[in-house]
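Both complexes below contain chain A, partnered by chain B and then by chain C.
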Partner chain A sequence: MAEKVKLFVNGQEVEVEAGKNLIDAFGAVGIEIPHLCYHPALGADGNCRMCLVGIEDGRPPLVPACKTKVAEGMKVQLDAEKIKKIQRDIMELELINHPIDCPICDQAGECKLQDYYMRYDGKPSRMTVKPVLKAKKMDFGCDVVHDQERCVLCARCVRFTRLVTKTGELGIVNRTDYARVNIFPGRPLNNRYALNVVDLCPVGAMTSRDFRFKQRAWFLTKSPSICQGCSKGCNIFIDHNREKYKDDVIYRFRPRLNEKVNGYFMCDEGRMTYKQENDNRLIAPQVNGREAGFAEAIEAVRRAISGATKTAVLVSPNASLEQIFSIRQFAASINAALSGYSDGYIKAGDGDDFLIQDDKSANRAAFTLLNIDDSKAGFDAAINGADLLINFQNDLGRSLAEDQLASVLANAKLIAISSAATGCTAKSAVAVPVASYSEDSGSLINCDGRLQRYEIAVAKNQPLKSLIEVTNLIGGEIANNQEARAGLQAAVAVLKDIDLEQIPAEGIALTESEVAHVAA
Partner chain B sequence: MSGKVKIMERKGKDLYERLYLVEIFKGMAVTFGHFISNFLDNSKLYVRHYPEQKPEITARWRGRHRLTTHEDGTMKCVACFMCQTNCPAKCIMIEAGERVDGRTEKMPVRFDIDLLECIYCGYCVEACPMDAIRMDTGIFAVTGSDRQSFVMGLDALLATPGAFSEEEYKKGGA
Partner chain C sequence: MQVQVLSARFDIPDANKIDVAKQHGAYSTLEKVFAMQPEEIIEVVKASGLRGRGGAGFPTGLKWSFLPKNIDKPVYLAVNSDESEPATFKDRYILVRDPHMLIEGIIICCYAIKSHAAYIYIRGEYTTQVKVLQAAIDEAYAAGYLGESVAGHDYKLDVTVHRGAGAYVCGEETALLESIEGRKGQPRSKPPFPAVEGLYGCPTIINNVQSIGSLPFILTNGPDAYKAYGTEKSPGTHLFGISGLVKKPGMYELPLGLPLLEVIEKVAGGVRDGRTLKGVIPGGSSTPVLTPEEAQTVTLDYESMAAHKTMFGSGGIVVLDNTVDMVKLVENLIYFYHHESCGQCTPCREGLGWMLKIVRKIIRGEGTTADIDLLTELCDNIEMKTVCVLSAACTMSTRSYLNKFRHEFEAYVAGGAPTQAAM
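Coming up: the complex of A and B.
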């Protein structure tokens, strides 16, 4: 654990972590100091003056908490009358020209200005002159909508584009009540992390066009999960809601803090992968191109397996560790050749040195761990002479061109076990729908060899069976995640000492030697 | 559990009252008097001729809802979902979209109130920051032949006028 220091807050002794500023150190022990411009990832700017606190040691009467480091024996004043007055006055100042259009503002409910007004101000406005009108609904590019009237000029967005993306599209122009956050003429936001400014903005000045007016923040259930847009495995919140008479629908992904993986941010592309969870899903089982009952489809799969002379099993690099293991055991039990061929998931040159990876699959590192071959040669060998191909979740259309896929399917009957309706499921003899990752739980290993867990977030009205359950029904031995984890611990040396049931929130770094060559 | 027992003195102990029939005939005279007078002229009836004759209701009466409009005919509602959030019966279902009539930015594209689920508590009216939803239509009896006809849509809610003048409504405490 980090070093601790003892200091006094409002006369009471508190022990906090050393080396941090007052906001972070006190925040960790549950003492809140209001702040608008400070963000741990963007550093202290000290422009909002909301975090001013008193320190009784001969310093200037008030100092910004974001720029003050904790020190042993420090006497910090948070509730003195003069500090309360400053907080009240700052709120009044921020609200002079604020349009108070909370009813139509997407940020309402998760807005710092709203929260702080209720907590630290709560006074009616004393302004008698009309507020300054500024531009609203400005298109900043990258689906970011800016409202200058709501802006409190904390410059978080400006600092984000300068410090994090290093693209610097945003700036604050002019002074006093002419000051506006703006883009340079004709140069809109143009980076792959732009939507993070929406999360960073403490007020509703930056909103997402995609999420605009879809839901109010307080209706959303925020479930922690892992993004499966690429092999980075960014930690996310799945914000979903079941409206009356409707199904549970995901409305947005938001980054969730994990210092070891993604920090406070995620990429725009990953953010939009929530749409794949809502749309274009395989819902009804299909047998020979027509809709069938679930039991009928399972029976058709079992018959196909028992009638086949050579079976090939294809597994997706997006499947969880537990799923891949149960499929591997299943393939071994029916003497099928197992392949993880998925070249189409790799977009060479697409990654960057921040979060985005070339490999658009979430769990390819598990292939190495479980000795699953994902080469084209391995797939060709597996499919050669096979008259049955069981495809677990793998979108083969991404890896193979139309004619190649046709030549594969000319000899082999295709069984698709999939959560999404893809070209593959349309061509399959039997298609069995399974739960997608937002409706399932499992473990993933990201590109840096970090083992992470995601839990069930969304509960559909008509829940689909999980992939492991379906594998079990068509003849696999493993019935659930617990059995798979026990099997994994027995079979894989690296996982032997890891309690797969209790993976901490930050994940576990697997030993470098085992997965080093996987890390991109 | 022995409560206080108070023995009441029985009235009508004199012979005249104990004869019983005299009092009965006096009572029946009143009853038949009303019957005959109402039979001959029913305009003096003490009950209301509902539904031909509607009751008078005050501006504070919580009747069926309506959505109000600005003077230029555009709807006041901005789809802030306050009414839906505040509704204890969960009978309001809103879908928001981009505003197209030139005012602000947001408006409902769907605004359904299921009157079968509504408990007419008026919390939606209280919650509304825009005075966009009111229960001043004076409609207190909603009839329909199937369930769907009780779901009031955006157009129906906007089409119903208020039954009171603005002054009367404001005086009612709104």
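Coming up: the complex of A and C.
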């Protein structure tokens, strides 16, 4: 456990973690110090002055909490009238030149200015002179749209491009109340993490072109999940909403803090993969190119399996640990050769040294754990002489060119078990839709060997069966995640001591030390 | 009343040239200085009671002693020559009339604080001054007073002139450092203080031109000779810039401690005939104004100014007579500080602009009593809530006019500009 110090807040003794600043240390024990410019990932800048607190017997008596470390015996005043007045005054000053256009602002509902006004100010405006007018809806590039009038000049976005992406596209130009965030002329945002400035912005000054005007923040359900855009497994919130008479739709992904994986951030490409959960989905089962009932499709699959002389099973590197285990069991039960071939998911050289990985699949590490061959040679051997190919979620069109795919399908009948409508499902004899990861739960192992869990986020009006259920229906033995986890625990040594039903929020590194630690 | 300590060579033709300056004693202290230990010099400066001449009046020798001992980082000297406070025009005389006094002072200071690199941060608008100063530095290098071996001693010193780009806030010592480092001139949060972590993260001493310029006299004549001038707690002499509505505005060197009104009368010739004194800004635009009654008892030293709830400041005295419209003066004042706010901290960035608009509203005849009260309250709401004291410079002075000349604001609110009689 981290070292603790005892200090006094408003005269009450409080024990907090040592070495932290007042904002973080107090925040961890549920005491809020309002702040706009400070962000744990970007450090203290001290410009907003909202976090000024009193230190009894201190020199100076008034300090910015973001720049002040906790100390044993320190006497911090948060509720003194002079501190409350400072907070009220700073809010008033933040708002005099703010357009107060909350009704048309995307940030409304998750805006620090709104929250703090309600909590720390609540006074009517005394502004009787013309406010400063600045530029609006500026295209900053990377689908970031900036409103200078809403900006509180906290410089979080500026610091993000300097400290995190090190691209430095943003700066604050001019002084005094002419100061504004801007790009250099003709040099827009140009980095693969740019949309993080939208999350970082405490107010509605930075908006995402993709999300603008789509939903009010308070209607969105914010469900924790894991991004499947690449093998990093960034922790995310899936923000979704079921509008009246409509289906549950995802409107955006936002990064969710996990110090062990992605910190506070995620990449723009990953952020946009939410669209794949909404669009181009395989909804209706198909048999021989026509829509069919679910039972009919399952029956068609069972018939195809019993009639085949040699069956190959292809599994996706995006499938969850539980799904892969179930499919492996299923393939073995019908004596089918199993392949995880998915070279097309790897974009060599695309990764960087921050979050983005070459491997665009979420769970390839599970292949290693479960001894699944994902080589081209393995796939060729599996498909050689096969007259049936059952494809679980694998978008084979990414790995094979059109003519290669055609030659594979010339000999083998294709059955697609898929959440997405792809080129492969269109060519299949039978296509069975399954739930996608936002509608399912499961475990993933990321590129660093960290085991993480995602739970069901979205509940569709017409829920699709999970992949494990479908596998079970076509002959697999495992019926659900619980059975899969029990099987995994029995079969895989490294998982033996882990309670797969209770994966901690930060995940578990599948290294001996951490596994042992959790087990203990 | 006038004395010639710092200004001894000001009236000698071509004293900015090294040959002329040397004929009149420039660089003559160096032999004595290099015979001393650096710590001894610091003690001499402490004993002289020299206080920082940039405005804050912090004891110079004490400031030097804040440098951490036994450090493996270089120590820098930054000479603050940004002289931008309205009504202040003293350092420019040193830069042009006697730059070698400054260079000699820099050598003394750097030797004392064990620094081998000094930066002179000079106000961007000082184009003539920078030329004269650079020529003098070049001469000093050629004559061996700067460079690898200062005056033949085993001591290396380089002096670099860094020009500002026209920002008042760069006179704030940490904004000055940011600017030298090539960044936007914005004050840093303190701590850490520059003596610990200053220029390029290294211990740095920042002194005003006049403070540094006082060193050759102190080292040549000893601390007691310096303390012979001025008062016990405010020893020495100061270059006062007297401006405003007086008969003989100008720069005058005076010992500290003289009565303010006597100086205005005898040195600057008093207010013009037929006019009466309305107020005095004692030390640059940021210092709270004094009424004629208060001015009666003020003497030109740090303690007397503080006792009268104002500040000695930079020695820039502005004399205001009965023709001055205090509301318009305040507008001009806030206009300046608003324009010069770096825009970093919320209160200063947003608040000064608001104050300016309220004053203008009052001047337009659209103001109300509530606006005057709001203006007063804003002074409190903004002051000392920011990283640096720029906003306080504006609010402390504005508050003084609001308190002492409120009737003029009220006259505007009541209907139009105050009449002569009302003033």
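Side notes on the structure shown:
Keep this in mind: the second predicted complex is superposed on the first by the 511 of 520 C-alpha atoms of A that agree within 3 Å, B and C clash if a C-alpha of one lies under 4 Å from a C-alpha of the other, contacts with A are read in each partner's own complex, and residues count from 1 in each chain.
What we mean here is this: contacts are C-beta pairs under 8 Å (C-beta built on N, C-alpha and C of every residue); 3 or more make two chains touch, one makes a residue touch a chain.
Fair warning: this is a prediction, and the values are worked out from it, not measured in the lab.
Once chain A of one complex is fitted onto chain A of the other, the partner contacts of A:Asn47 are limited to chain C, with no touch recorded for chain B.
In the superposition on chain A, A:Arg290 makes contact with neither chain B nor chain C.
Of the two partner chains placed around the shared chain by superposition, chain B is the only one that A:Trp218 touches, whereas chain C remains out of contact. By the touch criterion defined above, A:Asp89 reaches chain C but does not reach chain B.
Counting residues of chain A touched by each partner, chain B versus chain C, the larger count belongs to C. Judged by the touch definition given at the top, the superposed model places A:Asp101 against chain B, while chain C stays out of reach. Once chain A of one complex is fitted onto chain A of the other, the partner contacts of A:Lys166 are absent, as it touches neither chain B nor chain C. Per the touch definition, chain B reaches chain A in the complex via residues 78-82, 85, 90, 93, 96-98, 104-106, 129-130.
On the side of chain A, the complex with chain C involves touching residues 44, 46-50, 52, 62, 64, 67, 85-86, 89-90, 92-94, 96-97, 126-130, 132, 152-153, 172, 174-179. Touching chain A in their complex are the following residues of chain C: 167, 169, 184, 189, 338-354, 357-358, 360-361, 371, 374, 381-382, 384-387.
Note for the complex: chain A touches chain B at residues 101-104, 108, 136-137, 212-214, 216, 218-219, 243-245.
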